[in-house]
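Can you read through this structure? Questions will come right after.
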Amino acid sequence: MTDSSSSTLRFGVLGTGRIGAMHADLLQHQVDGASVVGVFDVFSEAATATAERLGCTAYESAEALLADVDAVAICTSTDTHVDLMVAAAAAGKAIFCEKPISLELDEVDRGLAAVSAAGVPLQIGFNRRFDAGHAAVRQAVIEGSVGELRQVRITSRDPEPPPISYVKVSGGIFNDMTIHDFDMARFVTGSEVVEVFARGSVMVDPAIGDAGDFDTITAVLTHENGAITTIDNCRQAAYGYDQRVEAFGSLGIAQSDNQLDHYAVVRTGDGGATASVPHFFLQRYIPSYIQQWVDFVTAVTTGEPTPVSGADGRAPLVIGKAALRSAQEGRVVTVAEIEAGASS
Amino acid sequence: MTDSSSSTLRFGVLGTGRIGAMHADLLQHQVDGASVVGVFDVFSEAATATAERLGCTAYESAEALLADVDAVAICTSTDTHVDLMVAAAAAGKAIFCEKPISLELDEVDRGLAAVSAAGVPLQIGFNRRFDAGHAAVRQAVIEGSVGELRQVRITSRDPEPPPISYVKVSGGIFNDMTIHDFDMARFVTGSEVVEVFARGSVMVDPAIGDAGDFDTITAVLTHENGAITTIDNCRQAAYGYDQRVEAFGSLGIAQSDNQLDHYAVVRTGDGGATASVPHFFLQRYIPSYIQQWVDFVTAVTTGEPTPVSGADGRAPLVIGKAALRSAQEGRVVTVAEIEAGASS
Amino acid sequence: MTDSSSSTLRFGVLGTGRIGAMHADLLQHQVDGASVVGVFDVFSEAATATAERLGCTAYESAEALLADVDAVAICTSTDTHVDLMVAAAAAGKAIFCEKPISLELDEVDRGLAAVSAAGVPLQIGFNRRFDAGHAAVRQAVIEGSVGELRQVRITSRDPEPPPISYVKVSGGIFNDMTIHDFDMARFVTGSEVVEVFARGSVMVDPAIGDAGDFDTITAVLTHENGAITTIDNCRQAAYGYDQRVEAFGSLGIAQSDNQLDHYAVVRTGDGGATASVPHFFLQRYIPSYIQQWVDFVTAVTTGEPTPVSGADGRAPLVIGKAALRSAQEGRVVTVAEIEAGASS
Amino acid sequence: MTDSSSSTLRFGVLGTGRIGAMHADLLQHQVDGASVVGVFDVFSEAATATAERLGCTAYESAEALLADVDAVAICTSTDTHVDLMVAAAAAGKAIFCEKPISLELDEVDRGLAAVSAAGVPLQIGFNRRFDAGHAAVRQAVIEGSVGELRQVRITSRDPEPPPISYVKVSGGIFNDMTIHDFDMARFVTGSEVVEVFARGSVMVDPAIGDAGDFDTITAVLTHENGAITTIDNCRQAAYGYDQRVEAFGSLGIAQSDNQLDHYAVVRTGDGGATASVPHFFLQRYIPSYIQQWVDFVTAVTTGEPTPVSGADGRAPLVIGKAALRSAQEGRVVTVAEIEAGASS
């Protein structure tokens, strides 16, 4: 940030698809101390549209944009993350990278090595850590209110499955969806995962199975500290976007529940009727995206570590590989087994 | 209690209608340190049925029963309360009396004078004070958690109106139904009521209006300490027996909400469906009846004051008279005005 | 809107204080079909700051701004509302006006007459009607789920009192704060108010009393259809911004409760601990402000009536005058009495 | 029931320990159409105390008691269940048997064969099926409200571990505690369990580990219909007796949550404070015990099948053996493997 003459962190946003465009909007309008200098996308129309909306420049190349900013938000397709990370690191820029860093562990390691060598800040986009409810669960663990952790429970279900075209390139449910929950398990417990048992099935749409993926999974994680996390995922939940976390320990339990569309209830002789769990993920998680950016800007500005490190981006990928193998082979798989395979 | 050779408080139950029979059952089976020696009712079949169920004696007269017990529960019709109270006081027995003591203030005063002269314990049947939720509101006030009280809110609605035959002898909604809420207002605030404004209407059943009563009332009480209590009553609530109290003060608010039949919720694309507020008053208040007896037995046994005194039985009747006059005349009525009229 | 060559409604925002600036931001960024052409404020620095933030023009006069737009948002100080309304009506612009229109009924009537003569759309800023929870209560009434209304309950408490300087010019608690609840009572019931009984006291800050105002009020409204609405207001609630509405009728009850900061709960041996009711009013009502604008834009664009008419802006002022007189004189005051006085 | 001249089902209660005495009380006082003729316990003082309290006879032997009744409640220690079941079947009596029937599958089969041969009614004591909340979940599944089941979640935690002396004879956590949840999984899904994966650990008290048991377990059950049930158990939960069930399917989710001690909440500047989850299991489950008896009496009286069959008593034992083996060997274990071992 050496060249910035102002106190505002000047951002370039790489990738202006749905998530990239959202990040650009949030940075421009909702995050104090941040502004968007320019955007880049391989689809230049998308970049231009976002640039016009935000009143910034649509760049012709990522390199050109990199040269003009203090920090980059890498929101492109997963297979381009590492190259952009390496370029940004070489340019000495602070880096925010959407999850997953890459589907290949050696690629992840190449990216992290470049960041480490350059000594630039890096934060991975696990926004759910910044959800006020989930963060309150983590806080209760840190403060000791729930004592020594015993069992963690994460429920994460999407309202609707993505298009099959997306499923095919998503890297599979463990890399695309459960990855958030693997991160949440590590975040809430503060303890690494050592073993995984997972069950996967196709209950939502046979086409997902035809694409080689599961749409419904249950995973059991054993943490280094002995705590057990169980995760339920499904690509479809008719009642809304179900996002819950609970942490049970020797002194109590902390539970982050869903919010509802509103808090009116109608009671008649037939019982009570309440609002729905919101179906749109942004209705739940917009505040977490904003908080994520606030914390990134603060970390970069103060020189403190970012709240979600490169290692935090890597670990869930390893767990995901263990989970996939477990679901495929019907047995417990250790994280060490995956690491051994990766290094061989 | 002088003649009792055991540590058990030996009760006689006067009146074995619905409430009297319930009290007899609770005393016999659910209250440690209490037993029912006998029951009396002017309908001897009712007394006999209860006596057989409990394994005790059906007495031929109230006087005969009084002679054999340590304590009496007066659960007869309202117009007989005071005579029985006077008789029990004269016999030196501990007295529990259902509310209202009487509909006539001079009768109430005659009964209380007799109790006072005899120096026997007296407790009035305002069971809602013993409801765990309502008691938690009072406790929050006592402990200072909500600070200096400003506004109290009481909602009390029956699931169904009583028969018109009962309405005609009930003494009117203020004496029969709101009396509990007048008591609750004094209990929660710990402050006397000085002024009343009330609105009454007939919205449930015209026959109630024909009987000279209201079925729906709203009352605003001004307390000595400046706090304002508002009360909503209705003889019919399709969604169940609605019993709520909230106390708002300078430091916070304490709210006692309804419980539900159970705590399962079904969520679909149409929102959530919950269980009903119970329709039967015993489903909400049985534990409060038991606690009322436990506290009575404790008070009598230890010689401590009972938790609901004779004065606590009298005050809501005066407030009720002010409320009725207010509703009839469309103006604020002071409690002092009623007292002045009573003594004139 | 005749001169607009685009489908976007072009707004001028008059007054860029806290509320005006917020409206300008929402119109510019969050409301499809709306854009802000320019802003005006007697404090030109305030106008300039907002204009720069939004990328629009700071005008030198309201008149100049009026000439360039399709619609105006009148967010200036209350005493200037009517003159601006008259000018905007004369210019044929669609008008959004913050509440209260004026503290003087004859001024209100002058403004409404001008709007009526010009035939331009007018919407008053009662945003709470657009809150999803409160709107669900109204919807339940409209759909008949709660049957014939009997009792309505509105609780509205601010987290902190405004500065005394503001209290002095606010028009008093009934015009400044309860006005929203008077509107809500009319909105939820769909029935006019005919009588008012109110109690006012000073329990938060003696300085508010010294300024001639109350800080804590309870009001009982009798509606034309017989329903009774009770309102509790307080200028200070330590536990947050308390905004609740409930409507009880012959078939059920609809209750709009507060939302919380988040939905995590921590349970230990001492019970459960939940999040707070938000303290900042925007945390609760931003979505209602946005919805208000969406509905205004739709009404203006389609030519349908706006959802909050000029009459809806006038009625709460009359109720407020009745409430003030009731609180001052300790008696029931009819709306007719106020109207008679106004027309005399 | 041939010899009974009355319409009341005449019960003998075998075993008057904590659970047996409770059943005797409920049958005598709270179940219409049932009465307790006599009780038996190898500790004759216990039997005498219960008999005196209930006003019935303490028998000298189970056989003598069997001769005098229509139905028996077998509440003795687990190792005596099957012999008593066989004797009661031979005597042609309706049988209620507490869970588990036996810890040995061949013993279970011997008992069930005798019952089958005699053609007498048999009901197993899985009371939680009769909990109103859990039953509502099952009902939602039956009615199709949640659609085709995908994932079921059961949380069951005791407030405090039992004495070590009890742990040693309990048959282990899977037979003593999780057995209820295995039954709940079958009840809610209506589908048999085919595979089990379980993790067990000692996190509450090392002495439980020394006794060869786990105190904290997580189990994943695969049902015949493809649904996955996950179960979390712990012998100690500081926040109360945690009993929750949820069933997620293609159309929605049904969730049975804990009730609280009461429904008062105190809100201050620090957030909200609620009551505790009850610590005493009877506070949650007494109504389910009563309902269990009502349904037993109805089934026996009408000749309809009982709601919890002998097969329902056997299946959870097999699942428990699979779970134990899974936890011990760190692998998935099929129910078929256990059955094959049992029959070999």
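For this structure, a couple of remarks:
In this document, chain identifiers A, B, C and D correspond to the written order of the chains, with residue numbering beginning at 1 in each.
By our rule, a residue touches a chain if its C-beta (ideal position, glycine included) is under 8 Å from a C-beta of that chain, and two chains touch if they have at least 3 such contacts.
The shown structure was predicted, so the numbers you read here are calculated from the model rather than taken from an experiment.
Ranked by how far their CA centres sit from the centre of chain D, the chains are topped by C. Chain pairs B-D and C-D differ in how many C-beta pairs they share in contact, with the greater number at B-D. The distance from the centre of chain B to the centre of chain D, with each centre set as the mean of the Cα atoms, comes to 40 Å. One simple way to say how far apart two chains are is to compare their mean CA positions; for chain C and chain D this gives 57 Å. Across the assembly, chain B contributes residues 238-239, 251-253, 265, 267-269, 275 that each touch 2 or more other chains. The residues of chain D lying in touch with chain A in their complex are 147-148, 150-151, 153, 155, 157, 197, 199, 201, 203-204, 216, 218, 220, 222, 226, 228, 230, 232, 234, 236-239, 242, 248, 250-253, 330-332. Looking at the complex, you find that chain C touches chain D at residues 238-240, 260, 265, 267-277.
Put simply, chain D touches chain B in their complex at residues 29, 55, 131-134, 136-137, 140, 145-146, 251-259, 261-269, 275.
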